[in-house]
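Before anything else, here's the structure in question.
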Amino acid sequence: MLEVSLQHRLGGFTLDAEFTAPAGITVLFGRSGSGKTSIVNSIAGLQQPTQARVILNGDTLSDTTNGIHKPTHARRLGYIFQEGRLFEHLSVRDNLRYGQRFNPAGRLGLADIVELLGIGDLQHRNIRTLSGGEKQRVAIGRALLSQPRMLLADEPLAALDKERKAELLPYFKHLNDSLGIPVLYVTHATDEVLQLATTVIVMDDGKVARQGEPSLVFAQPSAAFEDSRDIGSVLDATVDQHHDDGLTELQVGAGRLLVPETASTTGTQVRVRIAAQDVLLARSRPQGLSALNVLSGTIEKLEPHSSSSVIVHLASPVGPLVARITRRSLQNLGLEQGTNVFAIIKTVALEA
Amino acid sequence: MLEVSLQHRLGGFTLDAEFTAPAGITVLFGRSGSGKTSIVNSIAGLQQPTQARVILNGDTLSDTTNGIHKPTHARRLGYIFQEGRLFEHLSVRDNLRYGQRFNPAGRLGLADIVELLGIGDLQHRNIRTLSGGEKQRVAIGRALLSQPRMLLADEPLAALDKERKAELLPYFKHLNDSLGIPVLYVTHATDEVLQLATTVIVMDDGKVARQGEPSLVFAQPSAAFEDSRDIGSVLDATVDQHHDDGLTELQVGAGRLLVPETASTTGTQVRVRIAAQDVLLARSRPQGLSALNVLSGTIEKLEPHSSSSVIVHLASPVGPLVARITRRSLQNLGLEQGTNVFAIIKTVALEA
Amino acid sequence: PANQDDPITVFAASSLQPVLEEVAEVYAITNGQRITLSLAGSSTLARQIEQGAPADLFISANRGWMDALAAKNLIVEATRVDVAANRLILISRAQNPAPIDLSGFSLATALGDQRLAMALVDAVPAGIYGKQALKHLGLWEAVAPSIAQTDNVRAALRLVVRGESPYAIVYATDLDPRVRVAAIFPDESHSPIRYPAAVMAGGNVEAAVDFLKFLQRDSTRELFHKHGFTTP
Amino acid sequence: MDWLSAAEWSIVSLSMKVAVLATLLSLPFGIFIAYALARWEFYGKQLLNGLVHLPLILPPVVTGYLLLVTFGTQGVIGGWLAELGIVLAFRWTGAVLAAAIMAFPLMVRAIRLSIEAVDLHLEQAASTLGAPPWQVFRTITLPLILPGIGAGAILAFAKAIGEFGATITFVSNIPGQTQTLPTAIYTFLQVPDGEGGALRLVIISIVIAMSALLLSEYIARRVAQSVGG
Amino acid sequence: MDWLSAAEWSIVSLSMKVAVLATLLSLPFGIFIAYALARWEFYGKQLLNGLVHLPLILPPVVTGYLLLVTFGTQGVIGGWLAELGIVLAFRWTGAVLAAAIMAFPLMVRAIRLSIEAVDLHLEQAASTLGAPPWQVFRTITLPLILPGIGAGAILAFAKAIGEFGATITFVSNIPGQTQTLPTAIYTFLQVPDGEGGALRLVIISIVIAMSALLLSEYIARRVAQSVGG
């Protein structure tokens, strides 16, 4: 558990943030300039705010009231910087191995990381000849191989293509799940938040605007996520069965969902995200439709969203769902609080 | 029009690309390390490939067969670099104004750009104190203010939050539409491609894998877009009517679509992207559904996509549509080439 | 041809500085002619004269350089005259024992593992004379390995003052209260130490000749004697 | 300045004049040659590099002698300059030349080092914004190498204040015309009882050079602040 | 080496020994002091800075004399060193000291300049990877300042090869023990017609220093290639 409390002025900008990052992956989310990097720097001990209290699992890293400021190298936090910061005088391989001599050999091996990041061919290359994305992958590997007690990742995937992103995202989860390394992850991308976050800290102008579980933070429209695609529900599920036609059936709460095949074995806990805009509503159970997931539910709350749309909160067997529909449909279907409806979710829209 | 033909070896990597970027916005799309930056550098004259022919609107910038190599400063191409490259010894304002003295005063004014990029407060700041996203905005402004004949943008928005991205993306379009400045835009993000591209060049391992209009390039699954959300159709439409309940009606081909309110005035040409996974199919016209767009169509082609899903190509009144559905639904609904179906598209899933 | 008001420039060996400054002061008062002194090693000055230095009069610390200039017809040969002479002495630190008789003295033994300070024995006049003297006295073979050579004679003296060397060979004119004379080298042990002066062919000959004459006046000689020089 | 005698004052002011001019006049050449050595490949580059270092390698007397032979009134270049009315030998102008030549390797090395440290990517960025090479140099390279220029200039100034061997060999030791602090100190050291006078001049030298040093550090700090702050 | 007389050979080998040792031995101190001046704030920093530059400012004779007073057998430090069996006065070891002191300001400035150019962000990155300050210095700072160290060393070597005034004042000219190239050259130049002998030695000096210079450029290029290529 990481406890953070920081106050600092930088020119016209005031940082005043207090939050707790429990075990798991904590995502720092917020606009450009909202103070995310400043927070990460302060945790790493690279910046010394006027008031700072940073405690990692009972180990006080900074405490300005007691004059405690553990030097950066003794903190053992892996830091993936927003701008790479690779050592150009060393080869890719030596960059990767840099942290090894200062840290006890640990659970993360060079071979695995190289494999994971797809940088096997680059190992003897000169840093300067790498492309932007290649650099960032090396930076990620370097931080992981320092066997950190906690990982600080400042927009680590922004420079990567989707494919690579899709490969790496689960790895951050794996780091956390299997190795128990907590992660503080800075990003602008909602899909990363939803796939990773145990806890989300939404920053706004140097202050914590909201914090909590992603399902709570993301179920309501907010200034921080202007992209409507970000609103949705996040449900915990168990892999129940793999069907022959490539579909996976999940047990979600008291209900079931069909999703495209996942690699997870039966019994694994996964998280499904259902974006509000991917949910269709109908008054009667629809027939002959290509959507395989049809759930009955009751409208709990209606919330205005934009001039043309509203957010509908539903109680369903799989748990709370949110749907975004037009005001016209709301009227056409005569929906209101308490109405029983069917929620239709395309299988292909889901990912577990 | 920009004609490009390049051949070059860099260590184990071979660049061998030939393409034409017509007026409009050309997007270079491809995995990390596929050679996008190398191409842009060669166009800007920062790299000298063994074989190079670069002609912009009849003006030969490079031609190795004739020994022509126009110096970079004389090319008048604005370049937004992947890594910023701001001048730390100058203030934000002086960075922005850097190009002014070397170029005739042009259509892009300092005040407008500052306003657009939201960097008014930063003008007298020291570059080193800017956040990652702030730096990138200054870099964009600096390139725009050099009054370029063409803009080269290497992942310009990767460091920005969604809100800012959403503000800036249309601006690149505006640059092109209103000022006629062609843009070569490098990105990994499909939404950027779809919103911007007149032409897409898909790079793969130093070679042009595919090129053409985005609708053609994106309608079929490909190694370059592993993210299934990227498959979809792109349709040209005209704004027809704004309804009182906040919806906008578009004329698309011989059909109509309802989309959430857009700012565009009636008669404006817009582009709608319909992601394959947002399209539901039904054998009979569905009733009492919250989706407002229901289009009749005929299946033209079925294409396997993954173990559990297929891509369905439809002919519809609005034009060609693609839908991604599960194999199970394909069977349940008994769909095959020539079947008449209804395509259901949620209004809120669309953006014009 | 030159104006009376133009100072005449005298290039002189630096060891002559104190006496020449006094002479120049007197000359300016008595004759109304200002003198500019440029003081450096004889070799430096002679080379500069070879390269056209604006000297009117040259006073060297040894003959060699004057001969070299004469060979190149740079001096008015007729005006060449020795204006001063000097003696060579062996000095030790003030607290060292009484004077020594050089003939019966084993300098090498007295030095032990310490060093005899001298100016460069093949290059600087004081060193050249010193080497001649030591050879003449039969001391050279024994002391040669123990010699510390300095680039100028004052530096040799300073080594004794600092206590780094017990003995040094310097000019009588170098004597100062921090050191004492241990022995005086007999005049015949080395070639005569003379300061030849000559008027430069390309300079203000008339004024320089006047000053050269002044240098040879008895009253001027008194000044030389006051500073420890002898006069030929 | 009644704590300096008239003679001392003339020495000090001449030394200052010589050192300041030697530094300022050689700066453009220093920057140019440092740039050429750092950035260009040309025939005879190593020769030029060696030539620049020569004054450091050779005993100053030799450098002075070479200057005398070359720039003296009888010298190849000296004779030609004399026809143009420029006389260096035995003038304070020659002292400037001697000091500048002796200080040149120090200046060039410092500047070259900072040119080599400049990130070429920034220069590239400037050229994409339309800046031709000379403007790239003026607006990007030059500001970035200011610390190196400062270091080079201060080294050159200090060296110029302390230069003795080449100066006395080339322009002699003529009070009021070519007698600088070091040659005056030398003169004092050549005579009995001269140490006191020498010490005064040594202290003056130190004060001048230290003031210049402190000033340069102060300016460097101000520049760094206005850039880095 | 039959193109060098035995006497010349002894001069050349001594000069080389002195210059190489002066450079190598002063390097650690040079790096340390450059680092302190570039990175730390401490009381007396400007004093230290001034002290380092002193040998540049003062005429070499004065520096030599100060060395004599301090490190001579009768000197404060010299006496104490003598008790430890380390004698500098009139020994080649003293020539090493003199050359090192004279070259020190050049070395320190070059190294300091490159330390100031190091991007602190890289050092920060190293510390987040667990490297304690000394290791950060060894693995990041030091490799990055190698060009500066190279430049500093080559300047120091060249200066050491050419140093005359301080050396002869401190350790005199004792053939075979303290007679370096510059003192031998000076000796030749003091007598009429000595130019021929001086010229031979001047050429030898130039050859040595140029070889060192070329070697250093070559090494720098190799390093740059292996890093930048």
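By letter and in written order, the chains are A, B, C, D and E; residue numbering begins at 1 in each of them.
The criterion applied here is as follows: a residue touches a chain if its C-beta (ideal position, glycine included) is under 8 Å from a C-beta of that chain, and two chains touch if they have at least 3 such contacts.
What you are looking at is a predicted structure, and each value in this text was computed from that prediction instead of being measured.
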Going from subunit B to subunit D via touching chains takes a minimum number of steps equal to 1
In terms of mean CA position, the chain most removed from subunit D is A
Comparing which residue numbers subunit A and subunit B contribute to their contact, where sharing over half means same and under half means different, the two sides are same
The distance between the C-alpha centres of subunit A and subunit B, rounded to whole Å, is 25
Averaging C-alpha coordinates per chain, one finds the centres of subunit B and subunit E separated by a number of Å equal to 60
Between subunit B and subunit C, the Cα-mean centres are separated in Å by 91
By the touch definition above, subunit E meets two or more other chains at residues 61, 165, 186, 189
Multi-partner residues in subunit A (2 or more other chains touched) are 83
By the touch definition above, subunit C meets two or more other chains at residues none
Each pair of chains that touches is included here, namely A-B, A-E, B-D, C-D, C-E, D-E
In the complex, the residues of subunit D that touch subunit E are 46, 49-50, 53-62, 65, 105-106, 109-110, 112-114, 116-117, 147-148, 151, 155, 158-159, 161-162, 164-165, 181-182, 185-186, 189, 198, 202, 205-206, 209-210, 213-214, 217
Seen from subunit E, its contact residues with subunit A in the complex are 121-122, 124-133, 135-136, 139-140, 143-144, 227-229
Subunit E partner, complex, touching residues on subunit C are 41, 43, 46, 64-65, 67-68, 115, 117, 120, 122-124, 147-151, 155, 158-159, 162-164
Per the touch rule, the subunit A residues reaching subunit E in their complex are 44, 46, 71-79, 81, 83, 85, 87-90, 98-99, 101-103, 126, 128, 142-143, 146
In the complex, subunit A touches subunit B at residues 10-12, 30-33, 36-37, 82-83, 121, 125, 129, 131-134, 137, 154-155, 158-164, 166, 188-190, 225-228, 230, 243, 245-247, 258, 260-261, 277-278, 280-284, 286-292, 306-309, 323-331, 333, 344, 346-349
